[in-house]
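Think of it as A, B and C in the order they're written, each chain with its own count starting at 1.
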């Protein structure tokens, strides 16, 4: 899997001086004292001309010295990503448009469009998704995934809209958005599992989506379960039994660092290999692109080498599966067209 | 563990031409592109005179060439199963009676008896279970395992029966059946965890059965939690704290293929070794008997060899535990009598 | 991690003749036929002058021969624990005060104080926690962790107290106790995950505490999630996103024996290394102190050696993380003061 397509990610910061520990995890406080921090020091330090595992302070000082523009350029180059599918609906001050750093395609966040729409949501989504390759829902954050699977009636939607104040939280409106997305026909990415502290974890289990997955199955729209951890086995089962369901490792690989090898193994227990996807969910720090990509390449290789040593598959199978998980599945699902000559290669 | 007793399985198809991908998994669509497919190509290809890992199409062509009767015979022989406990309540057109292929004992599906009974369910069950070694419940599929633990009153049952239409779905009737099973005194096998797309996964966690397990504990009837994945750790805990609870790996071993080694390790974290059971849950394809048995022997050996290398147990312990999990526990629980001379051996 | 502080444990029995299988697990019946039993025979037999892995009966006979006093002394010495944080609210006949065997600090069980208080609970807790380093809640056992996060009103508490009979079970009173604990300001240990058969496992998932963790976050009181299994990944995420949340492996290490290596790896996926804690949860049998400590030292070393072999961290990082998880984090969190010269060393 030399080629990787990043199926879900965000913009990075232009600031030369950022709180690495605050941005690296989904926590509200600053911490690099865990598996992700170890992985960041391992994979990123050499890219800024330091030894692997130098202390975070040393790394941070070198980062400030180089400046964000240079660090962003180096990290993206080292990550060797073919195409980035960028969720353009997650705002923060001082973000760099990813198109300056890589070949990108757009993922449109449903809630972002709805919250900024002045008129009809269906029309707004239709307009917003021209040129987009997928849409994304954060219903898991706003109302949990244990939602009524039915398309809400026009009257229910009107009532919910009338009662709305501030950002979308009414499950009726999230159901409405999800069904509008079904009408659009683009693949629907859904946040599932862990994330920042706002996500109600016990209600973010993708298994809770099962009734909705059944309801939308006849429409033939692909549904991508992002992140999934610690419910990735549930997600794998959903992909096994529902042909329109895909599983994207997302945030999980970078956040679990060296443990990603074990976790990826669990992802592979039931998920069909033609519906398993890679992404980084990188946001803010360009380092997260590199950690996600480097850790994934490293852990996937160890995992599959173990299967080969076990006699579980042939070398040809191993190569084919890796190519599909790394890029082929995303290219097909998101209709990205034929591979272009790789971008962002360094040291070659 | 040379001897294996298959504690829960089904009949196989007589058709010479079957959709392998449709029958191998519990999915409604055809797929062999996952861990199970790799395991099937690994373990079954040599039995039909092919190299391991040949492409599925090559395997399928050879299968058609040999015909189902020969394939069924070879697979069952290669699986080297001592006795099969066959759930006779899962119908499909064109099934071969398993007694033609192996030594079998019957497991009676509660819902099957009830749905075909013309009179009193207790009497029907009593008649149907003459000669049976266990009963089986699929309440997980029909109403979920989060059921009221109490035995329903006669009035509640009458009301539920009066309102019934088509197949059983009313939780009152499933509770009624489960309590009738307690009266019978045979071990009660319960589907828990994953399965085909009809099972509401979030409500199939065996931990949800805890109140009912407490309620039936005084009756001394063994309860066998089948499959369990991805809730097998919850199942192990139930077996640890409730002496009447057993855990059967079921469907999990074949479906997770090379990953079964890791998953079996998790089964062993809390489950007492005298209450852990093996089965294949094979259905339709005789290959599933072989994949279940061969993968279990392989993965169990790797797992326990790792424990031996760790110094965690003695070789004598390792052998004894394997013998019990493979056959001894099932023989005792289901009162199968002394081991007979092995059947179905080949190449020996 | 030569130094270990046991962050949560209980007293041991003075009886010379005890049912090992009954006391070792949290089951109501006697069993040593599982991962814990193997670990006990491995780690404890040499301490009573037997070969590792001798049969349980041989071990038990030797234990009776030596007598509880000698066995308790030997086990505690072999466990090499620096300080024990003893939950003094778990009663049983014939317990030895742990202060006779080790350096101890007290953890006060909230429900124990409330159930024995004759007057105001706040005053009773204030008095009972003089000299204590933490409090402990068993709300998971009594009402589950899916509790209303709000501090109950005085009227609600009065009503609940008026309706109370026997031991505390009303969620209002458990919420009241938890909020009184917040007022105290001491770290709050909470039972989460598995335990004896009384714990409603499906309602003991620490993720269910998320709303309460959000509610108490502004108060700055540390919350320690004990045991966690099989929801330890959920616990790790809570610790990652909430700075006041700690994760203690507790009961999990001894109970899973050789599998603790794999389980500890899962604990480390998201839990920040400065908020991961060790304890044995030993109760009744002094062997549980040794199994917890010896298995933890063994499994942690294998885990981290694997990370080193993977290149995931530096040897200096590995040493520092081990020291913190084994003792440093507990010393800081529970304000235990500087390390004293080690106690309880043998064979050195």
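Keep in mind that, in the parts below, a contact is a pair of C-beta atoms (placed from the backbone, for glycine too) under 8 Å apart; a residue touches a chain by one contact, two chains touch by 3 or more.
Heads up on the chains, UniProt names are A, B, C = Putative TIM-barrel fold metal-dependent hydrolase.
It should be emphasised that the depicted structure is a prediction, and the values quoted were computed from it without experimental measurement.
Since chain B and chain C are copies that touch, just let me know if over half of their interface numbering is common to both, same, or not, different.
Homomeric contact, different residues on each side for the most part.
Superposing the C-alpha atoms of chain A on chain C takes a rotation of how many degrees, nearest 5?
120
If you average the Cα atoms of chain B and of chain C to get two centres, how far apart are those centres in Å?
Computed from C-alpha means, the inter-chain centre distance equals 36 Å.
Find every residue in chain A that makes contact with two or more other chains and list them.
Only 262 qualify.
For the complex, which residues does chain C have touching chain B?
Touch residues, chain C against chain B: 25-29, 31, 33-35, 38-39, 42, 52-53, 194, 196-197, 200-202, 229-230, 255-259, 261-263, 302.
Which of the residues in chain C end up touching chain A in this complex?
205, 207-208, 210-211, 214, 233-234, 237-238, 240-243, 262, 265-266, 268-274, 307, 310-314, 317
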